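The structure that follows is given in the form of structure tokens.
Each chain carries a letter (A, B, C, D, E, F, G, H, I and J) given by its place in the written order, and its residues are counted from 1.
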Amino acid sequence: MLYLVKLYADQQALGGGDKRIEIGAGDAAQARLWKAEGRLMGLWRRADCGGAVFVIDAESHEALASDLQALPLFPYLRNIKVTPLLAHPAFPECSKS
Amino acid sequence: MLYLVKLYADQQALGGGDKRIEIGAGDAAQARLWKAEGRLMGLWRRADCGGAVFVIDAESHEALASDLQALPLFPYLRNIKVTPLLAHPAFPECSKS
Amino acid sequence: MLYLVKLYADQQALGGGDKRIEIGAGDAAQARLWKAEGRLMGLWRRADCGGAVFVIDAESHEALASDLQALPLFPYLRNIKVTPLLAHPAFPECSKS
Amino acid sequence: MLYLVKLYADQQALGGGDKRIEIGAGDAAQARLWKAEGRLMGLWRRADCGGAVFVIDAESHEALASDLQALPLFPYLRNIKVTPLLAHPAFPECSKS
Amino acid sequence: MLYLVKLYADQQALGGGDKRIEIGAGDAAQARLWKAEGRLMGLWRRADCGGAVFVIDAESHEALASDLQALPLFPYLRNIKVTPLLAHPAFPECSKS
Amino acid sequence: MLYLVKLYADQQALGGGDKRIEIGAGDAAQARLWKAEGRLMGLWRRADCGGAVFVIDAESHEALASDLQALPLFPYLRNIKVTPLLAHPAFPECSKS
Amino acid sequence: MLYLVKLYADQQALGGGDKRIEIGAGDAAQARLWKAEGRLMGLWRRADCGGAVFVIDAESHEALASDLQALPLFPYLRNIKVTPLLAHPAFPECSKS
Amino acid sequence: MLYLVKLYADQQALGGGDKRIEIGAGDAAQARLWKAEGRLMGLWRRADCGGAVFVIDAESHEALASDLQALPLFPYLRNIKVTPLLAHPAFPECSKS
Amino acid sequence: MLYLVKLYADQQALGGGDKRIEIGAGDAAQARLWKAEGRLMGLWRRADCGGAVFVIDAESHEALASDLQALPLFPYLRNIKVTPLLAHPAFPECSKS
Amino acid sequence: MLYLVKLYADQQALGGGDKRIEIGAGDAAQARLWKAEGRLMGLWRRADCGGAVFVIDAESHEALASDLQALPLFPYLRNIKVTPLLAHPAFPECSKS
């Protein structure tokens, strides 16, 4: 099932330098896994530099939560917005990676 | 360029019956055009029945606005939220339809 | 999967009298179906008289949306808030009707 | 009487590691008590990883507040939303554990 | 148990003249009943002319909802905010009318 | 004149242990003074454990502000909501302690 | 005592033409009364054309509410924000008209 | 002086067809006047089709309000957000048309 | 020109004791300057102890910003709300100190 | 394409003194680059001292994000609001620096 997920990181707590790069790389690796599993419909970043936005297919809410907690960025997230999505009747293909 | 778009329709003004079906069909036809043009990254509906969510590639903000105004649903929209998106460095493919 | 759903009806549009009673009865009948299917974890009303709150197990977001649209009250809803829920690790039983 | 309760923890203050596990276990033990007393209608977690959601039967507002303060997580809560619920006339059973 | 209740009426729908006076008188009669039953801790109006504020002792959430629905003003209410209150340990007397 | 006052304390800054107990006792002592002066219409706590709610009769806004600043909890308050109240025409007695 | 008052009129309900002018004149006459009584500290309009802002000295919350209800604009107000003000210790003169 | 102004029109009240075109043309003519007077720093439309955004130099708040009320769209505006702007010290030229 | 200004201080950062008194005195001295210049229409404090509210006549937005930054309290302000005001046609005198 | 950008800095984290001046100078230098590239439609500061507001022409959302991250102030920003803008049909010139 599809979920639109918006991440809001605590930029001051995250800081800069290597830590931020390392965490970003870890998140990307995680996302590649999702992609390989055919579960990532799309992954983008907000142009306001506020964080990532992605549409992910997860078997269940539980699977989604595990996906979120597997992100190295997770401890630095001050808010996560989750919006359950439906396949659009005219565009079923958008719901398959 | 990519935009995350959330539509909020005035359900009472839209009413039900044929008009709603006709407008839905018209919107879907419009979206198929976007898809054929390779511009629709994804089109879904919110599970809260509040309206559509889509990620669209538009050449410019102007093109996006035209896309929105071309929707038969447009006159019934009480709010439209537009979030500019960036391709994710690790997932450029998500930004090509 | 579980969803916490809060309904916000347009009380003026809904009006009073038989129509409101009839719609209420129709909604209850719908909920009994969910219950018979073992999908209704709980159905309550908010004490602020603002509308119903329920936790429902739906196979998918699509199933949830169909459930919502099957409610006679649906055309009178000005807002629906949907929060995906996880079974609590220590209380799996709360996730089975 | 029934209360829908949403907990919002200060994730940074809570931190990770043993402390978080220990607090989680303590909360679960507390909830088992409620369950044994027949007072817990349901306990879930939000899929946005923001915290727990539960419907609890407490004799009074006072009893509810004591329940909340008995949670090991209590000192780390930056917000608690409490919504009083009514039994639904068509579903009295949802109001008995 | 005590509830702080704030009423928000749709002033345009309520209109002026006799209807508003009649409804006001009906609400006051209702409140006198609560008072006679020893359940009304206090009833005031907001100085912003937005509506009534009262602290009422109701046996249960159900009783509270019935109290609200018994108000002639009920059909004209666009929002009702209910905040469950506890007796203050140092001021038990505030919780008895 | 009457004011509905809601206090929002910074729970982390307030911490627990003796300090919290001492401050609570100080606040209660202060409230007893108000009561003795016939100025406290009601003092309660919110069941969401968010803080106190009270209706106080203060001679003037200045007197109210002094009352608030006299509370030992004052330095730990991150927000105070003040709503001026009117005596209800049908219930003048609610406006006298 | 001083109150900062912001008025929010329903511009569509108010309409234009003579009615708006007549109501405006009526409001101004009312304000002149306040001024003559030495109660109007200041009366301005918001540059966003959203409505009036004034600081008024009213003997009590009741007096303030009467002042508001005496305005011809009152039936067209969809919201009124009232903020109780204190004289500033260094500027007592600001609190006398 | 400079003001950032965001207009929010009531799209349903405005409707479509000739009226909308006529009003749009009238607004544009008004803006051309501002431009000719060297007062319009920029005029754009929001890509969310929600309305115009402009930075205007007005001699005073009064002049700004007159500018707003001179717009044919004015009666259809449900909200206007006005943000006073300063010239940026490093970019004085941005503050001259 | 007139501005309604609301100050929101970070009370914890400001702390108490001499520093708070010293800053308060500094602010008052600053305001006396404004008064002497005939620019201060009114200066009050909110009864919710949240901070100062004043209506000031500043030659320009720039002058206003300088006024704000000249306040000793400025580094402790977490938010400043500025609302441009117009003289009321019926009360020009309110716009002259 | 044009973007309206509002910056919200964490004033306490930014502090005062040389660091603030140095960062301000760095930001200005960055903006001069944009200006030289013909991309800066306008750069202003909010009179509420809350931060900068600018309209920038960026080739793409990506270019915009790079522009934002190139600002020395970037690590101190707790929020950035980005609103995509369209050229106004009657004022194409506003969309060229």
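We take it that a residue touches a chain if its C-beta (ideal position, glycine included) is under 8 Å from a C-beta of that chain, and two chains touch if they have at least 3 such contacts.
Keep in mind that this is a model prediction, so the values were computed, not measured.
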item	value
Least hop count linking subunit E to subunit H through chains in contact	2
Common touching chains of subunit J and subunit D	A
Same-residue or different-residue interface between subunit H and subunit J, half as cut-off	same
Whole-Å separation of chain centres (CA-atom averages), subunit A against subunit J	27
Computed distance of Cα centres, subunit J from subunit F, in Å	44
Overlap residues in subunit G, where contacts from two or more other chains coincide	2-3, 45-48, 61-62, 64-65, 82, 84-87
Touch-based graph of the chains, sorted into line, ring, star, complete or other	other
Which pairs of chains touch, using the document's own definition	A-B, A-C, A-D, A-J, B-C, B-H, B-J, C-D, C-E, D-E, D-F, E-F, E-G, F-G, F-I, G-H, G-I, H-I, H-J, I-J
Footprint of subunit G on subunit H - complex, ascending	3, 10, 13, 61-62, 64-65, 68-69, 74-82
Contact set on subunit E toward subunit F in their complex	2, 4, 28, 31-32, 35, 40-48, 52-53, 55, 83-91, 94-95
Subunit D-touching residues of subunit F, taken from the complex the two chains share	11-12, 15-16, 45-50
Residues of subunit G that touch subunit F when the two form their complex	1-3, 60-62, 64-65, 82, 84-87
